[in-house]
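Below, each structure is written out as structure tokens.
Two complexes are shown next, each including chain A; its partner changes from chain B in the first to chain C in the second.
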Partner chain A sequence: MADALTHPQLRHLLRRLVFTATPEYERRLSGLDAGSVFDELWSASAVASAGEPEPILPQPWRNTALAYRALETEEREVRRAAQLEAHRRQTAELRAAWLGHMIASGAPLRENLVLFFHGFFGSSSTAVEIPQALEQRNALMRSAAMTSMPALLDQLVLDPAMMIQIGMDGHGPDRVSDRPAKLILEHWTVGPGGYTDADVGELSSALTGWSLGAAEGAETVSAAELDPAASAIERRSGLNVRFDPSRHESGPKTLLGVTREFDARSALRDLALRPATARRVGRALLEYFGVVDPEQRLADRLASVYLETQGDLRTLLRTVVTSSEMWSEASRWSLIKSPVHLAVAACRQLEMANPPLSALTGWLEAAGQALFDTPNNGEGGWPGHDAWITPPDRLAIRYQLPHVLAGAPLALGLAAPSAPRAASEQQAEPEAGTDRDSTTLAAETLLDRLDPAPGLALDTLERRAARYGGTLGFAGVVMATPHYQLA
Partner chain B sequence: MRVISNALCKGLIPAVALLCAAGAAAQQSVDESLVPLQGGWTVTAAEQGGRPFDAIKGGVLDVDGEAFDLVTASGNEIGGVLRVEVDAQPQQIDFLLSDGVVWEGIFTVRGDILRMNYVERGDAERPTIFATTSDTPGTVIVLRRTAAAD
Partner chain C sequence: MTRITRRQALAFAASIPAASIPLIPGLLVEPARAAGLSAERYEGRVVVVLRMKGGNDGFNTVVPVNDDRYYRARPNIALAKRETLSVSGHEAGLHPALADFMRLMDDGHAGILQSVGYPQPSRSHLRSTEIWQAGSLAADAPAAGWLGRYLDSGCGCDVDVAGVQLGGEPALTLASATRRSRTIGHPQLLLRMNPEHAQRVLQRGPVNEPFSHLAVSQSALAGAAALVQHAAGGSGARYGYPDTSFGRGLRWTADMIETETPVRAYHVELGSFETGAASFDTHVDQLAQHEQLYAELGRGVRAFVEQLRATHDLDRVLLVTYSDFGRQLGENTTRGTEHGDASVLLYAGGAVRPGLQGPAADLGQVTNGGLNHQVDFRAVYADILENWFDVPADVVLDERVEPFPLVRRI
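Entry: the complex of A and B
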């Protein structure tokens, strides 16, 4: 795909990589080939500060509901209830802020990758509960998403949110479960069938020694001061990652046939470079970016590229973008937009200056994609594809998106679509060279901006839109079509 | 599985039971495979469905020979006999409850820590790892030794 992209091809690529095409991107990237477009988008995301957006929550997290033995039960319950309410509110703020960043960010490819990894590794705001930890993990993913899989895994295994989510906090010789190892093998790296029960035990041993404690300089709380029967969060003093050699099971471990003195980070780096991980990551990228690969040829090539480049994410994604499979007819309009993609695309297309983020995050949850909450308590990601419209009421919820957006001020400045034309006018095609009336052009422009799959008749849409009126009325009619659900 | 001989004594006529008891007394020893399990244990942590299962913390298990007595955190008493297969990898354990229910599991003893993962026979296959997830059955429990064997 070394030729300059046609307009439809450029739009296809932008839909997949950065949620949607926008006039600005189309102007900037017109005349470039697929690889160059990708390079531009990647560079724009890479130069954006990994520290953006600024944290919105007070850091570091302090536990206001520690279960001190000295406290009356009633007082403890009051504190815990207040903490739960604060966490709930802050998590809602965090969801809205992330969605807002996806809509407005100058690094949309990076945000799309953060969303991809969010689904790949899984997330649970219930298991983690602490919104500061979730915010910290997103910041980590923003910086690591532009590097490589080994680098990402190396950091993720000692990320506080992930440690809590998979049960690695305090993982030592007296551990309850080998669940962290099971989840890492099953969902983060080699995947089902790529490991044995013995590997679970060996990796579990390698993961020992790490825990979360009070931040440096913060007031420390001795375990003896706390109720041993209290829940984990009521005994958590902070999110500072610490290593205690006395709780690490040293000595050689055999992981997938290789025997070394593995610890958590070296084990994850090793697993990241296994062929089974390479294949799994490649397949996940193809699924996420909607590339149909019936012969598995691209999947094979991606696995090779992954191993040759040690999981370099830029090279992997560039290989996808420049493959013939990306541009095949089968791959075009084959992807059912996730609820997040649907919402972000709509807001970007309509250039909404102040989208109703809180209402949108509620809609996302109803549509099956609450940010920070993948299914099964964060064990793995969203199934995607048909699951976005199954059961059928999911589709009905998706069609409600225009109502959620209604009321938000638009910056687009397009004229409202015209009232329905007479039947004779509706059927008459304009003669070549004849100017069409301005309201029809406005609707045409808007339809073009919304970029639905081909097949929608403008005059049919206009007739439906006449009931609602205004730019959003017309956009709403387009959004509530099957064509708009596809990318 | 090494069948626990004491189980055979139960329900037999008193004379035979006496003979059994006498025989057991004469041996004055526990099956070697059961030695690491002897004594009292307290449940310190548990996991079910990939989540902490704190409701059973505090339960107490006593193992005496092949017989076990479990007092759950909610105060229920459960008794029966144990069978173990120490040559299996991981080691296997069955709790034959006196009401006929069987818990099938795996176990490991390291110092004063006993770790198990078990299911009820008929509900699922015997676990093979010490972990549960949202879509796998089993209950992983960790017990700390509280009393040595007599």
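Entry: the complex of A and C
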């Protein structure tokens, strides 16, 4: 695809890579070929300052509900209830902040990749519970999203939130669980069928020795002071990652036929560079970016690119974008938008300066995509595709998006010279004697801005929208068209 | 049956706690226009399946109050005999929070089957739930659930939607090869949606797979909206259902039954795996969770029975519970219990054999902490199929199991 992209092609690419087209992107990127558009988007997102928001939660996390034996049960329960409430509130703030960042970020490609990895690795705010850990993990994914798969895996396996989520914390010779090894093999690397029970055992042993403890310099709590029957979080002194060689099972381990002195990091490095991992990552990217690859030719190519470049994400994505499959008819409108993509795209299209983030995160949850919570308690990502519209009332929820958006003033910023409707008029019925030309212009601009499929008849939409009037009513009608649900 | 008026429907809508999600005004519709449902009225028998999510502890539901082995195994979470509700003629007492359910038992409208399970039990939530929902022990579970298979081939019902799940993730129980079941997570949202509008927006779109999924979902949505709007004529709001997702699901179920919706099988769910929510998966603090869940269950089922008795529908309704598995006899170190095996099954209706049924839990017959089963759950399914729905059980079940009679022939 070395030719300059046509306008519909540019929009297709922008929808897939950066949530949606915006007038600014269209101006900046028109006349370029697919590879150059990708390079521009990648460079813009790779500037760290453009992509990384300030943390919003107080760090480090301090456990205010440690289960001291000396405390009365009642006092412990009071502290734990207060902590749960604080965590719940902070997780809600975190969801809103991340969504806000996806909407406003100057590095949308990076944010889209963070969302991809969120699903690829799985996330459970219930299992992790500690919002600071979730925030820290998102920051890690954000900084590593534009590097390589092995680099990302290397950091994630020793990330506090991941350690809690998969059960690696406190994993020692006396208490070896299969769970972390199984999750890593099944969901993060080689995938189903790519390993045996023996590999699970060997990897479990390689993962031993790591735990989370009090932050450097913080007051340490001895285990003897705590109630041994208390839950894990009531016994957690901090999120500082520690390695205790005496709790590591050293010695040679055989992982997928290779025998070495594996520890957690070297085992992950080895798994990250396996052909089966390469293939799974390639397929997951195609799936996420909605590229139909019936012959599996592109999947094969991605697997070799992955192995040649040691999982370099830029090269992988560029291969996808410049492939003929990306531009085939079958790949057009072939994705059912995820709720996050629907919401982020709508806010970007409408240039909402102050989107109602908390209402939107509630809407995301109802639509089946609570941020930080993938299905099955984080074991695996969102299934996507028709699962986004099953059961069917999820579709009804998707149609409510314009109303959720209307919870805050719309800042449309339409370039129509003849005064588009102001926010205050949005709910009003069309007034008698409205200047027909200005209404049409606003509707045309809005229709263009919302980026629906070609062929949507403006007059039909308008007639339907006129019943309840205003920009919002019009946007609602456009957003309920099949094309708007697809990307 | 009186047709619902618009005013009644709006009053009903107003009684629903404020939906967190507003509605597109364009989708407003006169609720009385129940999309052709008026022609299909159904006054036959229905089954309501209630999932007690997480693995309900049978030992603290029906407490073996005269067995020391129970008290020795549970020094911290056993229920004292004097706390329980005594069941005359039995060496057992009910959990005190089941007082509402107990009243239904006394009235002859409910019962509890004891020692229910299946051979070589699994203690995995996923696998054991799959076995109960599929009604099959086959390692490769059928793609359709036990009631789904009944809807596919047994019920002879010529309607688009014959199974409805209210709330929760779609359960295998109602999954049907002929797509006759719908899961409705947010009925209140569909109450004012215009099914015709939903169809209209489909008139133009790309011809590809996602679009056909969209079309299928859109038409399912229209069907679900029609059902909900039809059921809005029910009288459930008067009966004191718990204001919880379970209570609302059960109330919608009763409203659908009352309004003669042509649905044969329903599925509702109680209990959650979410942090902070009460769960039957009582690894920790079992007593507090049971207190809440049993009260919610009792209150909900009581409202359900009262509503359907008042509308003269109770004789055609059978409600049965199921749960992932039972719990182990011995308590753990966190005032809870671990996954076990056989447990109890609660049921209610106008034509049931009331009281405690089946052999009492035999605390001498415990394997790895879990109670051995004495009644195969598929015997209950066989009873429902043969004696309730009047179809041969082998239309649905892959193995011949003698029915265990819970249904009373009337």
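The rule is short, and it goes like this: the second predicted complex is superposed on the first by the 456 of 487 C-alpha atoms of A that agree within 3 Å, B and C clash if a C-alpha of one lies under 4 Å from a C-alpha of the other, contacts with A are read in each partner's own complex, and residues count from 1 in each chain.
Everything below uses one rule, namely that contacts are C-beta pairs under 8 Å (C-beta built on N, C-alpha and C of every residue); 3 or more make two chains touch, one makes a residue touch a chain.
Here the structure is a predicted model, which is why all the values come from computation and not from measurement.
After superposition on chain A, the partners chain B and chain C collide with one another. Once the two complexes are overlaid on the shared chain, A:229 sits against chain B and chain C alike.
Contacts of A:377 after superposition on the shared chain: both chain B and chain C are touched. Of the two partner chains placed by the overlay, only chain B lies in contact with A:179; chain C stays clear of it.
When both complexes are overlaid on chain A, the residue A:200 reaches chain B alone and has no touch with chain C. Of the two partners chain B and chain C, more chain A residues are in touch with C. Contact with neither chain B nor chain C is seen for A:324 once the two complexes are overlaid on the shared chain.
Touch criterion met: A:84 reaches chain C, while chain B stays clear of it.
With chain A as the common frame, the single stretch of chain C that clashes into chain B is 327-335; none of the other options in 39-47, 57-65, 309-317 or 327-335 do. The contact surfaces that chain B and chain C form on chain A in the two complexes overlap at residues 229, 231, 377. Chain A makes touch with chain B in their complex at residues 127, 167, 173-179, 181-183, 186, 197-198, 200-201, 204, 229, 231-232, 376-377, 379.
On the side of chain C, the complex with chain A involves touching residues 20-27, 170, 182-187, 189-190, 193, 201-202, 204-206, 208-211, 213-218, 220-221, 224-225, 273-276, 284, 333-334. Taken together, the chain B residues at the contact with chain A in this complex read 44-47, 50-52, 54, 57-58, 89-90, 110, 113, 115, 128-135, 140-142, 144. Residues of chain A that touch chain C in their complex: 84, 88, 126, 129, 228-229, 231, 330, 332-336, 362-363, 366, 377, 385-386, 389-397, 399-400, 402-404, 406, 453, 455-456, 464-465, 467-468, 473, 476-477, 480-483, 485-486.
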